[in-house]
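Look for subunit A in each of the two complexes below; its partner is subunit B in the first and subunit C in the second.
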Partner chain A sequence: MDVRSQVSMVFHLDKCIGCHTCSIACKNIWTDRKGAEYMWWNNVETKPGTGYPTKWEDQEIYKGGWEKNGDSVSLKGAGKFKGLKNIFHNPHLPVLDDYYEPWTYKYQDLFTAPEGDDQPTARPVSLVTGEHMDVQAGPNWDDDLGGSPDYARQDYNLNQLSQAEQEAMFQLERMTFFYLPRICNHCLNPACVASCPSGAIYKRGEDGVVLINQERCRAWRMCVTACPYKKSYYNWHTGKSEKCVLCYPRLESGQAPACFHSCVGRIRYLGVLLYDADKIQKIASVPEDQLVDAQMDIYLDPFDPEVIRKAQLNGIADSTIEAAQKSPVYKFVKVWKLALPLHPEFRTLPNLFYVPALLPTMATVSNGIYDSTSKSLWNDVSQNRLPMKYLASLFTAGNTSKIVEVMKRLMAVRLHRRGVTVGDLNRNEISSAMSEAQVDAETADAIFRLTSLATFDERFVIPPAHREESIEMLENTGDVKGNTGFGFKERPARGL
Partner chain B sequence: MINYLLFIVLPYAALTIFLIGSIYRYRSRGFSVSSISSQFLEGRRLFWGSQPFHWGLFFLFFGHLIAFLFPRAVLAWNGQPVRLLILEITAFVFGLSALLGLLLLVRRRLITKRVKIVTSKMDIVVFVILLVQIISGLMVAYYSRWGSSWFASFITPYLRSIFVFDPQMDAIASVTSVWLKVHVVSAFTLIGIIPFTRFMHFLVYPLDYTWRSYQQVIWNWNRRYIRTSRAHSEGHKSQNN
Partner chain C sequence: MKTMNKTNTGFQIDIRKCFRQFIMLITGLLLIGKLSLQAQDGEAIFKQNCSVCHKIGGGRLIGPDLAGITSKRSIEWLLKWTKASQALVKSGDAEAKAIFDEYKVIMPDQNLPDAELRAVYAFIDSKSADVATSAESSSTTEVVADASNQATQEQISNGKRLFTGAQGLINGGPACISCHNVNYKGVIPGGLLAKDLTDVYSRLGGDIGLHGIMGAPPFPAMTQSYLNKPITENEIADITAFLNRVDKDKTSQQASMMNPLLYGGSAGIIALLILIYILWSSRKRFTVKREIYNRQIRSI
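For the complex of A and B:
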């Protein structure tokens, strides 16, 4: 058992209001630079939809992630042989138009336009070429199902559904959607790291954050292809790839990452998970329908004395173990089994988990008659507005029973709380739902509390980084006082 | 005099600049070392230019290297006319492929707006020198046949004399082919400008990827090592805090 610690995340999709505050917080800090304008390390997608970059989930197009290869896994579109063979031209590299061409407006024209009969306008100009352009796409072009025939209908996850099921989903009175905020998953088996020919990408041992060393990146562009989530981006100006850094300078000083901190819906949770690094390869290689359960097995119980002993032997600080015991992520993922990884079939073992959106039906329309006489307030989860198969394609590699389990548990909590606060539901109905989902009242209350009432410190349990000590190992802090700090030692200018 | 400048001063100047410049740039200006690929801005035209160009140069580079290091082996191979022909024609085809690729790349830079934006002055220098280098090489191969055989008697001794710090330029100065002289001079110029151009990416070709393990984990501070280390109390301690 090789115990390591990983800063992991949970996003509670029922609570996301799609405000994009998180994306803007990130952009203001990290990607408001030349060459990075098109990057959204944090982006929010409407589901169903094609996402950003367009159709990123379809690995027949982008060749991201790992695929099963005998007893192990190999990279689908990169790796030692494919990577070096394609180094002069990578056939699977998405280009700018797969994302969108970033633009701004000529605001100055509003002030300087000569007097005339027409209103002055601020025309859009490209942030790449500086020329006038017609805006064709943006990072959330299909927000709130805008342009559904072109976008929502092309959603990759609909492939799992029959034609009739798809038609049912897109009937006007049944249409529904939810938001899917995405950042880098800081995976346990990161495809980006494995694909980097120059070895510039690495996982930090202490907290598992995956970073790109900007001084070693040589623009071989393989990580962009290899990351199945398309969360490694190529900066066309500096000639370096960049990705979400999980705001590590903030984490190290005990603050939540900017997107977490600013989240209006308070959907985000961050905490430590302890995992067994010896199992990574084995678990990344299990058959598809077992992937979710297998991944849950890799995370260890931070209360188990044996795990604690091994963690200490591995040099994990006591403060980190304590953080793991308080981790909200551990509760959502392991204890309550409510949160699932996004597209586990990419086999990168992502560390960002989603509590799926419940979206129950409260009424149905048949023959033009609005019918709310279902036997319960919220119909059975099998009648939820989004087909279970659709959610299964997103979160459980197609394993529908797994997603139904989670939904039933979420529903049980909701029924229980309705019973407590309003009390208009049939007692038997509540207790049978709870026993079926194996949730007792105490657990349901705890889930409710962490979901809706949790304070800042309950949502973000950040282990102290102890960087102060690590620096002392390397040099005399007195000698470097005032010399080093956060930032580039070398100006990050494009090379010749 | 001019021969002395071109065939003795230039090579040493170029090699010195190359060595000091690229080591300095690699160590102290790491951020600027990149292939600065523009595939992200334009991918289709790049394919038709970059592939023939790079693969052509790739094989030509190793061809030259082998001829320089093992001239006897090359001569022995050339002992039979058929083999000589095969070698020369293959090399010529790689040269043509590099030239064709380069021309397509130049064209792409000129006609693709997005790529034009990221083209620097040094890129133009790179294009010019590569054009001179490749065209002169093809001319030598065509007019002064068969280079793979006379290489050993004219070029190898000259290059070797440069590298053993006993420069002898008689052999090269006596050559009548202007193309050959151009080829040699532009080759040294190219070496000399490596640290100032995107040629740097050739030096950081990721060979080590072939043997490194796929996953990489880096500890800022390996607590496990510290706990088992007996040396942790040694070394110098902080003076002023």
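For the complex of A and C:
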């Protein structure tokens, strides 16, 4: 057992209001630079939809992630032979049009235009060429377009549904959408790290943050192809690739990353998970329907004395182990089993987990007549607006039973709280739902509390970075003691 | 401060004086050096630029024997001729026209500074005197004018191998075919950088002319190519024998229509393109938003 610590995340999709505050917070801090304008290290997508970059989930187009290869896995779009074959032109790379051409407006024209019969307008100007341009697309062009033929119906996950099921999904009565905020998953088995020919990408030992060394990056852009989530971006100005850094300077000083901190819906949770690095290859190679369960197995119980002992042997600080015990992510993922990884079939073992949106129905259709009453307050989860197959394609690599379990637990919590706060439901109905979902009242209350009432410190349990110790790896602190602090530009007249 | 300044100016005067003397000394040394070097220079320049076509005593090569030329013509006339012989011929100079009519080979313009040409004339002058005293009896022409006519079949095929590069030159010089072409059966088309050598044997003065050219190449590109990698006497003889045969057979040889490099190369490129098409057949050709973009109305 090789115990390591990983800063992991949970996004609660039922709480996301799609305001893009996270994206803007990130943009203002990190990507408001020349060459980085089109990068959205954090973006919010409307689902069903095609996302950003468009159709990123379709690996037949972009060749990202891993594919099972016997007892192991190999990269779908990179590696020795494939890398050599595409060394001069990699056709699987997203082009700027797959993202969008970033632009601004010539606001000055509003003030400086000569007087005329028409109002002056601020024309769009490309941030790449500086020329006037027609705005053709944006990073969230499909925002809120839950039924559009160009975006919603092109959703990759609809491939799992039959034609009839797809049509049913887009009936007016069932029309729905939810938001899917995405950042880098800081995977346990990162394809970007594996694909880099320069060895510029690395996974930090102390907290598992995946970073690109800007000095070693040689612009091969293999990471852009390899990352199935398309969260590595190429900066055309600096000639280096960049990606989400999980605001590591903020983490190291005990603050939550900017997108977490600014989240209006408070949907984001951050905490440490301990995992067994010896199991990565084995777990990344299991058959698709077992992927989610296998990934859950890699995360270790931070209360287990054996795990704690092995963690200490690996140099994990006691403060980090303590953070792992308090981790909200551990509760959502391992204890309550409510949060699921996004597209586990890419086999990168992502560390960002999603509590799926419940989206229950409260009406029935019988004999073609829409009836706004239902047998119970909410229909059974199988009647949910989003087909289970669709959610299974997103979160469980097609394992529908897994997603139904999660939905039933979420529904049980909701029924229980309805019983507590309103009390208008049949007691038997609530208790049968809870026993079916294997959730007792105490657990349901705890889930409710962390979902709805959690304080800042409960949502973000950030392990101390112990920078005072890490500096000792670089230099002997005794040598530089007394060498910093105040000094004199000119000697004082009285001398020193 | 003032005292310092004074000493400073005194020192400067000293330096200026020294500097002037130094310059004079250097100029003097340079002049002496120049004069003493001139004779040797002349010989070197002659060997490099003239000896291919001209001899001093011992008869004509491609051009006339230059023994005594300095007493026959004025230095000014020689300068004009050497630098631009055709200009002189066209200007109507009777002597120039007579020479050109006799030899019928255009002498290449020698783009050398006057000083160097004068050095060459000085060298010819002194050499002519030697030739006159040695009574011209020695006549040590190493090259027999028609040696290649008696060449064995082995020599010719050896020359062919040297020409095509099948066998490398002993001193490591490049094979002739890199820059030259000949029309001869079994020889692939050669380079187009330099002149076609099919009729070079008759064009450039037979054995003696070719020996001169290969022994001390007068053309800048060829000079550089064989710098420190001279072609040996045996190799020259073999290549000359081969070129002689090529020249003799030229009427029966057709310029090769089947150029294997051209046709093979084209076929190779087509094969490569097909391979590329197959290897990348499943590539992403268009942006995934193409259909959306194509519907959009543009203002620009």
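Criterion: the second predicted complex is superposed on the first by the 465 of 496 C-alpha atoms of A that agree within 3 Å, B and C clash if a C-alpha of one lies under 4 Å from a C-alpha of the other, contacts with A are read in each partner's own complex, and residues count from 1 in each chain.
Going forward, contacts are C-beta pairs under 8 Å (C-beta built on N, C-alpha and C of every residue); 3 or more make two chains touch, one makes a residue touch a chain.
Please read these numbers as outputs of a predicted model, since none were measured by experiment.
On the superposed subunit A, the positions of subunit B and subunit C overlap enough to count as a clash. With both structures placed on the common chain, the touch criterion links A:237 to subunit B but leaves subunit C unconnected. In the superposition on chain A, A:193 contacts subunit B only, with no contact to subunit C. Once chain A of one complex is fitted onto chain A of the other, the partner contacts of A:61 are limited to subunit C, with no touch recorded for subunit B. By the touch criterion stated above, A:84 is placed in contact with subunit B alone, subunit C being left untouched. In the superposition on chain A, A:95 contacts both subunit B and subunit C.
Residue contacts after overlaying the shared chain place A:496 against subunit B, while subunit C stays out of touching range. Clashing C-alpha atoms between subunit C and subunit B turn up only in stretch 170-178, chosen from 170-178, 206-214, 242-250 or 278-286, once the structures are aligned on chain A. Residues 91, 95 of subunit A lie in contact with subunit B in one complex and with subunit C in the other. Listed in rising order, the residues of subunit B touching subunit A in the complex are 28-43, 46-47, 50-51, 53-55, 113-114, 117-118, 120, 122, 196-198, 200-201, 204, 206, 208-210, 212, 214-227, 236-241. Those residues of subunit A that touch subunit B in the shared complex are 79-80, 83-84, 87-91, 93-96, 128-131, 189-190, 193-194, 196-199, 201-206, 214-221, 224, 234, 236-240, 280, 313-317, 466-467, 469-470, 472-473, 476-479, 488, 490-496.
Chain contact summary for the complex, subunit C toward subunit A: residues 279-280, 283-285, 287-293, 296, 298-300. Touching subunit C in their complex are the following residues of subunit A: 50, 53-55, 61-62, 85, 91-92, 95, 97-98, 132-134, 136-137, 150.
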